[in-house]
Amino acid sequence: MAGGILKFFLPKDRVFYTLFENAGANLETISKKLVLVVNESDYNKRAHLIKEMEELEHKNDLVTHEIFVELGKNFITPFDREDIHSLASALDDIADYIYAAAKKINFYKIDPTSDSGIQKTADQIEMAVLAVNQAVRELRNLKNTQKIVECVIKINSIENTADEIFDMSIERLFDSDVDAKELIKKREIYQTMETVTDKCEDAGNVIESIVVKYA
Amino acid sequence: MAGGILKFFLPKDRVFYTLFENAGANLETISKKLVLVVNESDYNKRAHLIKEMEELEHKNDLVTHEIFVELGKNFITPFDREDIHSLASALDDIADYIYAAAKKINFYKIDPTSDSGIQKTADQIEMAVLAVNQAVRELRNLKNTQKIVECVIKINSIENTADEIFDMSIERLFDSDVDAKELIKKREIYQTMETVTDKCEDAGNVIESIVVKYA
Amino acid sequence: MAGGILKFFLPKDRVFYTLFENAGANLETISKKLVLVVNESDYNKRAHLIKEMEELEHKNDLVTHEIFVELGKNFITPFDREDIHSLASALDDIADYIYAAAKKINFYKIDPTSDSGIQKTADQIEMAVLAVNQAVRELRNLKNTQKIVECVIKINSIENTADEIFDMSIERLFDSDVDAKELIKKREIYQTMETVTDKCEDAGNVIESIVVKYA
């Protein structure tokens, strides 16, 4: 039957779509936890959420690692090897920075519920991650390029908004009467959160370059 | 006629030279604006210059994007795909950090005319960008490799000087009696400016590696 | 004789192993100097050691440069070109950050012998570099993959320990009564040192990906 020989040629490379989708779904979960963290005034309840985020971040590490292993084993890949590598790295970075931001909040004993900059940026992060995840899911079927392009535009627009929130938060911080130590702590949290949307933009850029080449 | 078949083989890849030259020329303009900014004591006049720099930075984004699109469309490229990618990224980074440095000066309400470290670094940045631009223009005709090598050596030497100015500025800052907030602001501006010359060095390194392979 | 034609096919690429081993051995020397620096309470004696580290760092630059030149000249390489590039960059970064950490200690006039965080991290750096060097030396003979995997696991474990020391040091710093300037200086030294173990992990990851593909 045709199946026999077809199976031989059938791209084992389908595995990449599944792995990217796993990473994307995981990112969605971890970004929702971040929103919970920044709306939680109780240190211990936040600590519990951050513990869960650590496990999700570790799960993302494993998926990234699996993508790299598959990349090493497969000569045929659905798109350029370098694009697969860059996309996996970007998704991994998103998870790393989301977790790092949450961790720093408790590490520095900052109450996020009294900082609208932190809360607004967490909302933007969730939106950006949703758009990244949607774009990732469209990769399997590159026919709907319009949809992917919309996601990429959305991610870039969210990144701009996050930049503005960041600038506003930093400006407010320097104009406030917080002492230097507090300022250094908050600035680091803002920067870590802002980096998440940068990494979402990186992921969007890779996906866009894949669309340009293969669609 | 020969033209028919020649055209078929004629590298469409010439487009890359033109795009890199556009980016280089644009960088020269933006670096000259930075020198104007750091010599301007009036906040509003600086704001006007920074607005112009934002447009130039955006123009660079578009050129970079176009290079990536052409990279996706062209199977034949004048040099290694990874080198084209790295050079485009480095030139884009130069524009980003020059604009970021100028923006931070007004954002943090720093008077650059009273800070010789900022002014001296802006001069080094302009010199480094001129050397990068010159090296980029030599790429089209790889015969004059001596000229390119001289540019790369010059960029590296400028980067060293910028490092020394940076160290001196930081040392002076910590020894001064400015408060911590002022120190954090100035240090961030110094760092952003110093990163520009690092990115010029990155661009020089890519150009050097192209010369090694193709000349 | 067979030698004639064999020589033609015999990989000139052996040069890469030698260059990587040179870099690895050099890293070991520079990391040992860092341990000496952090255990030396005399500023001038530290200055002397740091001067030696500068020369070692420069030696590493030259090896890295030579690897890139060979990469440009050789079409056949013992492993993927991108892996060679990434590994050379990671080893170069390790040297850069080790030297930068030592330089900052004297630049900021910090007494490392009174800071257990700095001293403990230097020990971790030395251990991580030893593991990197061991993994690099195993590359020439990819048969002993078990050994390489053990090195990579060790590097990752050391990186985790360095992270914990970093967190503890930062926490202690913010809880102490040091003024903001002192805090900024020490935090920068901690971060630079912690980055060294990150770069060791990067090197380990590249080596692991080489093993996955070729062993």
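Each chain carries a letter (A, B and C) given by its place in the written order, and its residues are counted from 1.
The criterion applied here is as follows: a residue touches a chain if its C-beta (ideal position, glycine included) is under 8 Å from a C-beta of that chain, and two chains touch if they have at least 3 such contacts.
A quick note: this is a predicted structure, and the numbers were derived from the prediction, not measured.
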item	value
Category of the chain touch graph - line, ring, star, complete, other	complete
Interface residue overlap between copies subunit A and subunit B, same or different (over half shared)	different
Subunit A and subunit B, separation of their C-alpha mean positions in angstrom	29
Multi-chain contact residues (two or more partners), subunit B	82, 180, 184
List of subunit B residues in touch with subunit C within their complex	82, 167, 170-171, 174, 180, 183-184, 187, 205, 209, 212-213
List of subunit C residues in touch with subunit B within their complex	68-69, 72-73, 82, 107-108, 179-181, 184-185
